[in-house]
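These are the structures, in structure tokens.
Each of the two complexes below includes subunit A, the first together with subunit B, the second together with subunit C.
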Partner chain A sequence: MTETAASAPKTVARRPARRRRASAARLIVYPALGVLALLVFFAVFADWITPYDPLKQSLMEALQGPSMHHWLGTDDLGRDVLSRLIVGCRIAIIAAAEATSIAILLGVPLGLFVGYRGGWWDWSVMRLVEAIMSIPGIMVAIVIIAILGPGLHRAMIALGILFSTSFLRLARGVVLSEREEVYVRSARVVGTGDARILIRHIFPNVAPPLIVQATLTVGAVLLAEAGLSFIGIGVQPPNASWGTMLNTAASYMQLDWFLAIPPGVALVLTVLSINLLGDVLRDRIGRGIAVPAARPKAPKRPPKTAPAAGAPGRRPSPVPAPDAVLDVAGLDVVVTAGAGDEVPVLSDLGFSVRKGETLGLVGESGSGKTITGLAILRLIGTTGRITRGRITLNGRDISDLSERQMREVRGKEIAVVFQDPTTSLNPAFTVGEQIAEILRTRAGLSRRAAMARAVELIGRVGIPNPAERARAYPHELSGGMAQRIAIARALSCNPSVLIADEPTTALDVTVQQEILDLFRDLQEEFGMAIIFVTHDLAVAADICDRIAVMYAGEIVEEAPVDTLFSAPRHPYTAGLLAASPHGATRNPPLPTIPGTVPRPGAWPEGCRFAPRCPHAAPACDAAIPLGDGGHRVRCIRADTLDLRRSA
Partner chain B sequence: MLRLIVQRVLALVPLLFLVSVLTFSFTSLLPGDPADLIVGQQGTPEQYALVRHRLGLDQPLVERYAHWVEHAARGDLGTSFFNSVKVSDAVMQRLPVTASLTAVAALIAIAVGLAAGIAAALRPGSAVDRIATLGATFGQAIPNFWFGLLLAAIFAVGLRWFPATGFTPISTSVGGWLASVALPAIALGFASSAAIARQVRSAMVGVLQQDYIRAARAQGLSSRRVIFRHALKNALVPVVAVLSFQITVLLGGALIVEQVFAINGLGTLAITAVRQQDIPMIQGIVLVMVAIVVVVQLATDLLYGFLNPKARPS
Partner chain C sequence: MTDAPLLELRDLRVSYRKRAGLGLRTTSFDAVKGATLTIRPGETLGLVGESGSGKSSIANTVLGLIAPAAGTMRFRGTDLAALKARYPSGLRKDIQAVFQDPFSSLNPAMTVEDIVTEPLRVHTNMTRAERRARAVDLLAMVSLSEEHLNRHPHQFSGGQRQRIAIASALALEPKLVVLDEPVSALDVSTQNQIINLLYDRRDALGIAYLLIAHDLALVHHISDRIAVMYLGHIVEEGPADRVYTAPAHPYTRALLDAVPDLDPAQQRARRARRRQLAPQGTQRHAETGCPYSNRCAQVMPRCRSDAPPAYAVPGGGTAHCFLLDPGANGAGHASDRKEPALP
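Let's look at the complex of A and B:
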């Protein structure tokens, strides 16, 4: 995020990310299916296509490399490796099918039963499963094989028993969550039998995760079978399986390393294909974690050009007010949407705040209030960027700073209080540590001094027993208390600007007022300018000196708080005021503004509020600049409309 | 903290009991009679009866179990059926071998898994992410023993950088120990590093989108601090569960990888014991393995509590 002011970049047409992902999935699925199809083909037609008898020994031809006669060479007894490999395909399929079926047939019914029955059955079976799972799987298989004796089918019974535990737990989990669902309970009420409920109602829910689990099990079985055959307790010589072939290869590693390659590659390719299919299935069935779209290549930092003065609806940015702590002028911000196109989210944004002043940013959800605060701090992530405009902080243009310089600004000069204190505090550290960390790393305090100051700050924001509270974790505090901590953290480095992003919205109504009072007190003491983002006009009226009303990414009106409330000049402001329960003293139901804020990218050409405006006229189709002076408004008809509320 | 440890240790007692009953009854189901094997086909019925009596096989199952538990509690796991070696001695002699192999493999898996997972999570969709994801996919499909064979072929047989077989105890030579354990540990740890990398990546991607990460950045903390302190501590919470499971997997995998490098660990002991139906030996090995798993689980539980304050008992 180093690009800043520039003329709007050309958006290079990119392939939509969704299509790219779909084709990537296809790129995986088809080769994987191809490998498995080949495997099945070899397994079925092994008897016809093997060039030699896989068991026929020919000691004269032992340990030969690949040749015209033996494409993959011969083993220690002169047997043809290719033929043995092909027969190994059959063994692999039999092994996977046997063990997986046993695991499912054993695990699923038992899991359904204990999950549904609960009580003693459930308890004892689950303890048994836990005990088995605390022994390394291969050791369980070894013990079972010790009882049954070695050999392919016995080894697969062992693996089936071993892997049945995961199916048991899966089926039980589904039953436990479905058992209390309304449809199951109502089926029980109307007298449906238990077996019928299990089979007809609950089992279908097990099927999707079951398919995924089965796929993963097939891969695991193949690896386990090869491992057991490799250590000599699975498939027994002279029969060929990939594992026994690798066993032979291990003994002759010094003489002929190539022996290890064919069975190993066959095994890896097969398991890889199955695992990849399993992954795709899991994503389809919806348990996977969505991969965010690839980061689009940001255009190289374009040459910085002066804002186009002739752009419609845009005034040349005025020189920042001399007493302003923070002055934003002509700010344009775009974000990259899912499809890879850049969509404007803020346009021609301009305002300034003075020391000790509180500016409200007000508007409906989606009007761009929050992104404004983040854009000032340049915290709009890797997908958003500022394309034009100037941000002046304490007389210095910060829109140009490098990321490193910007980091110096964050916290020290501009700090933020976020909406939800329970998510904006790190759950893994005590609140005292979180404040002290800022003081240590940003203000250079010693560990001890930082903690002492943190406790002091916690006391300052009105929390009793600060020393004790400093040792609390966020989840041990109430929402109001946590927000006080977040405020203390924001103020720890004495910033000149505090951005408060809906700081009271997530709180209980009774706590809201206390937090607002706290902001007022702290502003008096610390003298910082506050940008107070809120959708609640009553809150804004309470705490702000001036209010800027935002709509669809731009400011539509800005005025001192009293003026705005008594004499709004923009129809949107008037609509908001009318819709606010605190402003309305009338009995009839609250009027609402019909429609919703248009999404970024769907903004109308001219006045963005026009489609919802009761006063819209043909002149509103052209872009409208924000006026000048103490009461700025972005409405072509502002002078002719009388929107004052009848008190 | 102490209370948590005591609580957990007490909870382990029934588990150990259950596992011992399981292995005892399982091994008693072994077909054939060890006495047959010992006496041989020329043995007289008198010899046979004598051997059965000496091994305690003429006692009822429950009595045999009680007898075994009584001795096991005192650290005596019995004597091998086939030579007069004490099971505890045989197991304790092999345990350091398997344990050091597993431990080194676990360290490799954790280091590689963390590095690859974090690197991938920082730039989802980037080349680094794709390479790490691809590596993780391959890692989970490559059998450890085959990977071991390849490593041995290249680095031991071909380049002669490492010994191809055998194990040097750490007490003999630290360098020799490291050289003898390096290839098997890499072969063993690779698949686990893949599993850990996957888990780290997905946990980290989720955590990096959290509000508290944005808040930490908004306070001007350095990226390194935000990622390695604020994000990682939270992202490790789900990873710890995988880690505990992976160490169990590694312990099992060690039994097989030992065979590739002709290392005389618990794996060889177990396979021989199974072939000879040496019941006391199998019981001893299983019990020791479960004990290791249980200790690892206890350690990861404590780590879990450290990482996740919400999981601590108040």
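Let's look at the complex of A and C:
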């Protein structure tokens, strides 16, 4: 659930970077496509457009430079270079098509098969592939040609076999990962046969990276063909190919250097165009092959408008309570979405946490609870932006600190514990090292002192034999143990605020209970304020002092824990309580809230819950402020509704 | 519900082989250590346990994705265990599944029509038009419509995807549907929509469910019977209400106590009481005797040496715990037992 919550903004965030690159890519794509179109045109119409017969020798005109008669000059036998170049296009295309299709037709089915079948098949085929790949490609090609004999087609068969190994590995790799996907399990439960699962279910997911691989292979084949022809075992003289032309040029380098230019330029342009197209395709498809992430841009200084009144339904943010450790006021956050528009993900967010207090942020996926935590840490990526509001930490506004200053704040003043301890810890270091590293860089402890303190912390979070456990790697620990380590790490610099983002969601209930107890004990000892993000109201009931219920990017209700559960005032809170498995009656139909949480950008005007609310009235179309006091609620009918749970 | 059992597992064992060292030796690990369970036609059995308890291994074995190491699995008279995970078509279509994660259980490259009609394509001779017509009916049954047929899974929310998965699972009108954590990936407000849908279909079609979940409170809502697993063993089994309100096995009680409650005041009281309990062993699994003996607050000497057999529990069902042994010192504990779990 939280994963979706976290990934929703992330996907939104990824797009603009891709867009920027896409518009830059367009500048390259068209010339590249132009080059390839010209290549195809030449190949198809070579017979009509060549000014001379490419094989016709005329020794009288040998080794001439470019002239009106021979635009690109003539070679050692007086043949027209331009004509030979144009015919070479045809050879290039035939060669590329031949070798690439052989590579695909041979590599993909075999890769799919061994990947799916596994076992002995997989083992022996992969050893063979490794053997082929360990020998220089040109050697393999020469061996195959030695067996088959020289000539373009045979050379292409050789290259096809050679390049099939990369397709085989690609297809096998995709199958190995897709085979474990739940949809493949579903297909097997349905009774779909293996062949059908491979072709109908898995193959479509292999296709995107395959297309990319094919374009790259075409480029590689062109170069390899040129290479083979150059050393005389590809296209045989007198036939023209770029490789044989280069061969000729090499022999007459001293006499006529220009001979090397036309085939060289043709080769470079073609391969470059194809590789560029492959890159663009890879970015477009974006699946299967890793795309390096866009470099984060320097954070833009938010053009902040004063967090003053003026916007409808918005109150002037009050001065932070004097005892508040963290105070968030009138916070608006937007992320840049697909078409370049900024989509609001948080609006008019305001709350404060006191020392030693636990505030729960409760909501479903899409409510903005996770992004709230990230916004406080200013970890909202390259595309998220705080457009308005103030985040006051220990009396200092941190909403417009520079990235460098912010780095000082993170870990030291605000720490965070994430949902999945197995991925939030670095698998390459022991858990002790990971805690000690923070102590060394942040608290300036010596190596020895940092390690001693790390062991102490590990003991403090309830792990037996801390000195021994400090030397363990994250994968050697159970989920509960790993989460304890993550908590120890978060507390290492004694932060004043701890953001816990669904820290128990990935754990079993009995372990969850232990971790919740640990949070309480540590809070008593360290006195930090905790912001506890969770989707589970019952967990919030256990750990929190105060709860803010979030819906569609805003807080809809905030109250002390007992009040919220005994007398909820917002219909959404009441709906969640009723729908909770612990709250509902024994038999279905269980109470539900109709519909789903609207996505950012699709929030209704006025009360965002109104379309799903059983108590909606016409007045709900207008923006509604959150109200004041100890029990804040964003509902226009809050005073007239009785939403208390019937016992 | 007095008919012959639909599915009967007896002493089912599921093992996984693990490569050790350089991959030359293999070690074997028992995920399920002798499970005995019965599901009657139209009945819902909730199978509850924590991660690593073996509940998903049972699901995968029943579905024929893993061949069991030992024991029998009798489904309408056929021993599934003897088929070594190669089910004939007739059996396949009677046992279907809905998996946990609706984001990965639907093939991203297929359309909703392809997904929903896949079972029909494999098991029936229906024409394309007939299959499409049936798909429309199935979608209507899960409150989706014809316009959704040509869309891809990524265009739907989690709850909608789970509806599509359910439509596909019900396409062949199976006798048994294995629900592997069907709502744990969904939002609270959508969870109940899916549960209501499953419940409604069960009554309309007379399907039996094997519901795998970690949340006892949720399982209690829709199960007729509940079985509780701990480290490969089924430690307690019985009518849902009895197991939920009067758990007989200390582990079931601990599991119930750990489920957070919506009442903060009760939560506080419960935490205070929980903390007074003796510290529990850190080694989860006891090598001999009762598997829970290392963590049990009421452990007795014999728990460490002998494996407890199944004792009948007042109110229905059985539990593997010596506290229930009528011959031994069970009397003192009997009064405790009638009490519900800590409030």
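In this text, the second predicted complex is superposed on the first by the 397 of 647 C-alpha atoms of A that agree within 3 Å, B and C clash if a C-alpha of one lies under 4 Å from a C-alpha of the other, contacts with A are read in each partner's own complex, and residues count from 1 in each chain.
Criterion: a residue touches a chain if its C-beta (ideal position, glycine included) is under 8 Å from a C-beta of that chain, and two chains touch if they have at least 3 such contacts.
These figures come from a predicted structure and were not determined experimentally.
Once chain A of one complex is fitted onto chain A of the other, the partner contacts of A:His535 are limited to subunit C, with no touch recorded for subunit B.
More residues of subunit A are in touch with B than with the other of subunit B and subunit C.
In the superposition on chain A, A:Met139 contacts subunit B only, with no contact to subunit C.
Of the two partner chains placed around the shared chain by superposition, subunit B is the only one that A:Phe230 touches, whereas subunit C remains out of contact. In the overlay built on the shared chain, the residue A:Ser186 is in contact with subunit C alone; subunit B does not reach it.
Legend: residue contacts after superposition of the two complexes on their common chain; A:Asp562 is shown touching subunit C, with no touch to subunit B. Shared interface residues of subunit A, touching subunit B in one complex and subunit C in the other, do not exist.
Within the complex, the subunit A residues that touch subunit C are 1, 4, 181-183, 185-193, 196, 201, 204-205, 207, 364-365, 464, 479, 508-513, 516-517, 535-539, 541-542, 561-562, 565, 575-577, 579-584, 586-593, 596-597. Of all residues in subunit A, only 127-128, 130-139, 142-149, 219, 223, 226-227, 230-233, 246, 249-250, 253-254, 257, 260, 264, 267-268, 271-272, 275-276, 279, 289, 291-295, 374, 377, 379, 407-412, 415-416, 418, 420, 423-430, 437-438, 441-442, 473, 475, 486, 489-490, 493 touch subunit B in the complex they form. The touching residues of subunit C, counted against subunit A in their complex, run 50-51, 63-65, 87, 89, 92-93, 95-97, 99-101, 103-110, 118-119, 122-123, 157-159, 165, 168, 185-193, 195-196, 199-200, 214-215, 217-218, 220-222, 241, 254-255, 257-265, 267, 271, 274-275, 282. The part of subunit B that touches subunit A in the complex is made up of residues 14-15, 18-19, 22-23, 26-27, 29-31, 123-126, 137-138, 140-146, 149-150, 152-153, 157, 164, 202, 205-206, 210-212, 214-222, 225, 230, 233-234, 248-249, 251-253, 255-256, 259-260, 267, 270-271, 273-274, 277, 282, 285-286, 289-290, 293-294, 297, 307-310.
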